[in-house]
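First chain A sits with chain B, and in the next complex the same chain sits with chain C.
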Partner chain A sequence: MKRTNRIFTILIFIFLYIPMAVLIVASFNTGKDITSFDGFTLQQYVRLFRDEKLLRLLGNSVLISVLASGISTMFGTMAAVGIHGLKPKMRKAVMSLTNIPMTNPDIVTGISLSLLFVFIGGKLLGQKESLTFWTLLIAHVTFNLPYVILNVMPKLQQMNPALQDAAMDLGCTPVQAFFKVTLHEIMPGMIAGAIMAFTMSLDDFVISYFVTGSDFMTLPVKIYSETKKPIQPKIYAMFTLLFLLILVLMITMNLIQIRGEQNKHKRRATADSKYARLAKRIGAFALAAVLVLGVGLLIFQGRSSTVTLNVYNWGQNIADGSDETMDIIAEFEKRYPDIKVNYITYASNEELYSKLSTGGITVDVIIPSDYMIARLKNEGMLEELNFENIPNYALVDDSFKNQHFDPENKYSVPYTWGTVGILYNTKYVAEEDVTGWDLLWNKKYTDKILMFDNSRDAFGIAQFLLGYSINTTDKTQLQACADKLKEQKPILQQYVMDQVYDLMENEVAWIAPYYAGDCMAMMQNNEDLAFYLPVDQGFNFFIDSMCIPTCCQEKDAAELFINFMCDPEISGANMDYIWYGSPVSEAKQHMDPVLAESDVVYPDQTVLDNGTSFAFLPEEISRYMETLFMQVRNS
Partner chain B sequence: MKKNNSLLLSTPYILWMLVFTLIPLGVVAYYALTDPNTGVFTFSNITQLQLYLPVLGQSIWYSLISALICLVLGYPVAYFIAHQKPVAQKILYMLVMLPMCMSFLLRTLAWVGLLQDTGIINNLLSAIGLPRLQLIRTPAAVILGMVYNYLPYMILPLYAVIVKIDKRLIEAAEDLGCTPVKVFTKVVLPLSVPGILSGVTMVFVPAVSTFYISQKLGGIDTVLIGDAIERLFKQANNPNLGAALSLVLMALVFICTGIMNRFGSDEEGGVIV
Partner chain C sequence: MSKELIRLQDLVMEFDGEQILDGINLTINDHEFLTLLGPSGCGKTTTLRIIGGFLNPTSGDVFFDGKRINDVPPYDRQINTVFQRYALFPHLDVYDNIAFGLKVAKLPKAQIHERVQEMLAVVGLKGYENRRTDSLSGGQQQRVAIARALVNRPKVLLLDEPLAALDLRLRKDMQNELKRIQQAMGITFVYVTHDQEEALSMSDTVIVMDKGRIQQIGKPEDIYNEPQNAFVADFIGESNILDGVMLADYKVKFFGRTFKCLDAGFAPNEPVDVVIRPEDIDFVPPEEGHLTGTVTSVTFKGLNYDIIVDFKGFKWLIQTTDHQAVGSTVGIRLNPEDIHIMHKSEYSGMFGDYSSYSAEYDELTEDADDEEE
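Right after this comes the complex of A and B.
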């Protein structure tokens, strides 16, 4: 019985530690893929320490955890001492208040705080930017406080109240008695609470994800947003180092506890023993060091003798120096040393819109798609550009000017463009079946087909198939599209966005509709993949353009940035990473010839003429579409 | 004098918690009851919730199963730890806690690497000549992800309760002629009920509201309520409906913890983490 239990426990520990072992092993891997070990290297650690951006994100995470745990330890200890002295009824009420953030799901806490900040900051105070570093800090302190209190309270309850009275009888003031006696007794609880708060903050993703604004991002939020390309192995190196750090922290915490207990057994009576003094000093020193470090980091982060330009772009939509591409942001900062770029990302046009319209953030350059530009323009959320500051606009092809969303070319400068077509694997899909969008409904390939996981693109395909306009506002037509999509669901493998990379490259799925640039990127990694554009049925043609929103603070710098991005050399280097089409044809001379000569990314103009772009739909219609899509997904 | 001090010390905290936990819930309710377009009072968000009933049912189902599996796996481990020497207990306790402090996202991604069709497990299988299995994109994978992530939340409170069980009670039962099985069912198990209840709650609550595990490990039919809420906020630009759905989730969790607290009236049992 005992023996089986021991074996069982060992098995469970193996289960708990295997995924972490996988990550740690991956940090020493020469290859990029977590699933195969190609050879041993320490290169990832070198890369990690050379990657300023990644270290800055880590610094952000550490900063917020240090500050939040420091503040909540002091604030929480004070509160715990207060609560301890309250009448039982009152104490119970306060403790149930303390329990709310503990029992509430993280996602609800995150949402409620973000709605609160947006509501107070945006609606009541009329702030332009209501989600900032400070609101993130408040959120972290709020969810850390209960941990500190729940660690300190038991220590207060265990403490002999006579101790404090004795100290006061011997001539201590209450304050002195607190610092000389009580503090010493509750120190282990404080330290445990602080360490727990620190680790909770460091790893928090869900709450931060909803409360993060534009000026400050932590590491987990960044990791979540990077879905398109596989995680860079240097992140595994960072994981390994953090693992060691937390291991050390925990061992420290345990040693303090064990020492504290031994101490208690040995010399119960002498409160001011050598050990206690030492422990107190170490504790006080650690707390002070932590706060100094926090403040120092804050000053370090905040030092800005220069202009800060906030660029808000799609996730992984700019070359960042990985895979031997140019680091565009670093290049820009090198060319304009007075400007520091704060680069943040969004996952969809809708997220961009909701952040801008609720006043959650302030940004200087945004890169929305066509229909979103129309909407932002209609709602007066875009600044007119000063084209005297953007001479490179002359290099942009005329075919990308005078678009429906900006007919007079006042608000936008194209960044990338592309089409939506079908990516398929020639090894498994018969050429004669590739005739149009119908391929995505072909039962022969049941369970091997992927579909867009966003309502607009998914409905767009159904609309082309049924011969409707992709900009229809007719609800019966939309209902018909939903029925068409419901009919498709049983043969689908998955609704995906960026997971398409993994599934198609590894031949788990055979057919997927996706954006041409991404398809081109996948085709580089698996030569059996091919791209098909249903020219006769029609397809979506999109342009993402750079704009300046009205909340912009640094318009001149923003225009410099836009101009810089239209530089053929820069645009070409950028496309080497994102694989979409450049609106500057001269850029083709500066990019990978495979890309420049590809008819997937650069189809003939006659082909492009059959493409339609999305127009802005009234809010009511897009919500209706989303509801229908939800019905399809839940059916 | 002393009372005043206590009030003085605790008031800032009480105010803080009111402003940053209770009032935000009021704001959620406000959003849930207003129209996303016009901002006027409406019940339409609430009536639209029926669309999400299957998702809600599925979330509850998955997280209940996960909580049960965690209980079955976690109990022997907690029991084992509680019967070690004090120093060994401390070390094992720390080893259970450690994974909880590491990045939840990366650890879940590691499972993707293990389970995916060309992942580590399938590579091993095909290396020894067995056929590849479809592991990822199944409900089982989602439940595995939940069990893996939240198992420590089960072990820790169970351990805290089992370790406190008075050894003399067990000896007494043995002296009175109980078989080991009977000692367990008649003495140990009833005494660990508070730990079981708080463990089940602590697994169920995060599992029912998760939104990352199902996105990474799940398939076409494993949409959970957390996914739906995240989608409404981040993609559909409909925070009002998202707020309504969050209220439902919150109500569900409070009902669940309420039931658990009713059964186990132990004051300390709840929060050990």
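Right after this comes the complex of A and C.
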């Protein structure tokens, strides 16, 4: 019995810690791949510490965690003392109320807070930008409070209530009594609460995601917005360090608690207590110093720049200096020293839309896709551009002008473009089978086929196969597409987005529809991969364009930025990183020839004529499509 | 002695609709050792906490040196307290515990040092300055608590069952110690206890309380010898309490016989409670006795025997050094000074019958009394 128990315990530990172990091992792996361990290296850690941006984000996360845990420990302790003073019945009721936010789904808390901030900031105070560093801080303090109360409360209950009386008896006012006596008694609870709050803050993504504004971003939010491409190994290194930090904090917390218990039974020498007092003082001083430093830094940051240009782009959609590419933002700031760029990212067109439409964010340049441009334009959320400030627009190919989403070329300047085709592995897929979108329905490759995990792209493929328009609003046609997709489901391996990189490069799957630029990138990592564009059946052709939203505060600087991005040299350097097509033909001379000459990224003009771009669908239709897709997925 | 220091006037305390104090009136004199004595829940600790300022009475007033202090918070009263379980500050060592009040009052360091050393000497803890309080024995912690209160030189020291957590031997030592400290410092002690022996041996004045009311105020001897009702008679020492009728001054009738007594001032034929202390009864040969009865049980107690004698179905406790055999017939004589007469009260008939007496009875009740509130 004892042995089975022990085995069971070991199994549970393995189960709990294996994911972390994998990550830690991966952070020391020489290979880029997590599926095979090629050798030991510290290279990822070196890269991590050379990546200033990543470190600054980490600094942001630590700063917000320290401030939030400090403030919530203060307020949480005050709240706990207040609750402790209530009559027992009332105390129980209030305690269960304060516990509810902990069990409340984060997403609900996040959305509610975001709505509240936008309402108060935007509607009541009339601020242009209602989501800021301060709202993020308030949100973190809010969700940390219950954890502090939960930790402090038992210490208050364990405390001999006569201690407070004794202090007052000896001349203390109630406030003095709290600081001279109660505080010392509940200190272990406060420290435990603060550490817990710190860790909760450090790794919070969901709530932060909804209340993050343009001026301040934490690490988890940033990482999420960058999952379009596979996660860089240096991120593994950072996670490993974060995991170790939290581990150390947790162990410290447990040690403090164990110490506290022992003190009640054990005698301790005086020298020890003198040291403890000294340590406490140093700790308090350090905490105060960090708080002062953090606030000072913020004020300093807020005052230092001249013009701040807020650029809101897709994650990993601009060259950032990594892998020998150009750091486009740094280059821009070098050329225009008066302008400081604040670069923030989103993960989808829909996220961009919701942030903009709720007024939670104020930005100067955005880079939405075709159908979203149409939507934003229709809803009056785009500013007309002054093309006198954008002379480089003349260099943009005519084939990218006069698009349906901006027929008069008033609101948008193309940034990148691309197609959606099929990526397949030539080792396993017979060339004669590669004839069109039907390949994704070919039973011969059962369990080796991947499919888009988003309704618009998935329905698009079915629409091309069935000969419908990809912008159809006919519900019977959409139903027919859904039936087509249902037919495909049994032979699919799975529905995926970013995981496509791992699955295809490692030959776990053989066939997948995906965006040309990403396919090109995967082909660089596995020579057997090939790209096919079903020209006859039709394919999706997309353009991401730069626009200026109506909330823009620095229009001149924004237009300067747009113009800069159309500079062939810059555009070319940018494409070296993102691997999509540049709308500026001249840019080809400034990019990696592999890319410039690739017919995956730059198909013939005659080929391109067969592509169709997505138009904005009425809300009712897109929701209907979404529902049908869910049914397909769950069938 | 005898200058009035504290006066409680018509104190009433209600807690969630429950009456804790019901009209307390009392005066505490300067330099007096006054004890509030009573069973658990009698209101003695509540009274003490009102004097200390930790509770506000529902109605009634507290006067200190002639001034009403109802609204004066505890930290502004010239009163210090020794708490039930000491309530020493666990994060401070002995020295800092004692110096706590002086530091709050912002006295110069040198003066604090001098006064703490002086107090350490008074309570006999010199050399323990840097010890943590949780490394001290119960008695030592008790002394620290006393020193911590007295170092502030209060006019009054409140002590809430300070010896309850100590074992019997230590309790006896500390009783003497407390009395010595009180006399040496020359200040007023207000002492709360449920231990009647402690109260009688230490106090100048004892106040017996029950059900939120004062039952009797008096010197220890008076409380013992002249209890005012059956409750006091029973709570202080052991008593046989009998129904009687006061025929006239100095004449009381019970058990169908008329006895001479020392009491007067009752209405003719007033029904009364008659108290006879167990140690005041002497055995005589049956034929010489005022009453004759049968011995039903004998317990050896060391100093004496506890003997239960059945008189016409009513069982008495008699404490004597003479051994009597169980079942033997004995006679007793009652002298006038052995008989104490009390007016009838709400407690009449509740105490003083030893029909269910057993040797363990005392110990059981004492244990149950240990915890108050």
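Keep this in mind: the second predicted complex is superposed on the first by the 507 of 635 C-alpha atoms of A that agree within 3 Å, B and C clash if a C-alpha of one lies under 4 Å from a C-alpha of the other, contacts with A are read in each partner's own complex, and residues count from 1 in each chain.
Convention: a residue touches a chain if its C-beta (ideal position, glycine included) is under 8 Å from a C-beta of that chain, and two chains touch if they have at least 3 such contacts.
Just so it is clear, the structure is predicted and the values come from calculations on it, not from any experiment.
Peer 1: Of the partners chain B and chain C, which touch A:180 in the superposed model: first, second, both, neither?
Peer 2: second
Peer 1: Could you let me know whether more residues of chain A are touched by chain B or by chain C?
Peer 2: Of chain B and chain C, B contacts more residues of chain A.
Peer 1: Mind working out whether A:20 is in touch with chain B, chain C, both or neither, as first, second, both or neither?
Peer 2: first
Peer 1: Which partner does A:138 reach: the first (chain B), the second (chain C), both, or neither?
Peer 2: The answer is first: A:138 touches chain B but not chain C.
Peer 1: Classify the contacts of A:108 with the two partner chains as first (chain B alone), second (chain C alone), both, or neither.
Peer 2: The answer is first: A:108 touches chain B but not chain C.
Peer 1: Mind working out whether A:170 is in touch with chain B, chain C, both or neither, as first, second, both or neither?
Peer 2: second
Peer 1: If we overlay the two complexes on their shared chain A, which of chain B and chain C does A:531 touch? Say first, second, both or neither.
Peer 2: Touch partners of A:531: none, neither chain B nor chain C.
Peer 1: Could you look at A:602 and tell me whether it touches chain B, chain C, both or neither (first, second, both, neither)?
Peer 2: Neither chain B nor chain C is touched by A:602.
Peer 1: Name the contact category of A:162: first (chain B only), second (chain C only), both, or neither.
Peer 2: second
Peer 1: So chain A touches chain B in one structure and chain C in the other; where do those two contact lists coincide?
Peer 2: On chain A, the chain B and chain C contacts do not overlap at all.
Peer 1: Provide the residue numbers of chain A that touch chain B in the complex, in ascending order.
Peer 2: The touching residues are 1, 5-6, 8-9, 12-13, 15-20, 22-23, 26, 34-36, 75-76, 78-79, 81-86, 94, 97-109, 111-113, 115-116, 119, 138-139, 142, 145-147, 150, 154, 174, 196, 199-200, 202-203, 205-206, 210, 220, 223-224, 231, 235-236, 239, 242-243, 246-247, 250-251, 254, 257-258, 347-348, 350-351, 353-354, 358, 454-455, 489, 492-495, 502, 506, 508, 619-620, 623, 626-627, 630-631, 633-634.
Peer 1: Which residues of chain B touch chain A in their complex?
Peer 2: Those residues of chain B that touch chain A are 2-3, 5-14, 16-18, 20-25, 27-28, 30-31, 36-37, 48, 51-52, 54-55, 73-74, 76-77, 79-81, 87, 90-91, 94-111, 113-114, 116-120, 123, 137, 148, 151-152, 180, 201, 205-206, 208-209, 211-212, 219-220, 223, 226, 228-230, 233-239, 242-243, 246, 249-250, 253-254, 257, 268, 270-271, 273.
Peer 1: List the residues on chain A that touch chain C in their complex, please.
Peer 2: Answer in residue numbers: 160, 162-163, 165-173, 176, 180-181, 184-185, 263-264, 267-268, 270, 273.
Peer 1: Show which residues of chain C lie in contact with chain A when the two form their complex.
Peer 2: Chain C residues touching chain A: 52-54, 73-75, 79-81, 83-85, 87-91, 93, 100-101, 104-105, 130-132, 134-135, 148-149, 152.
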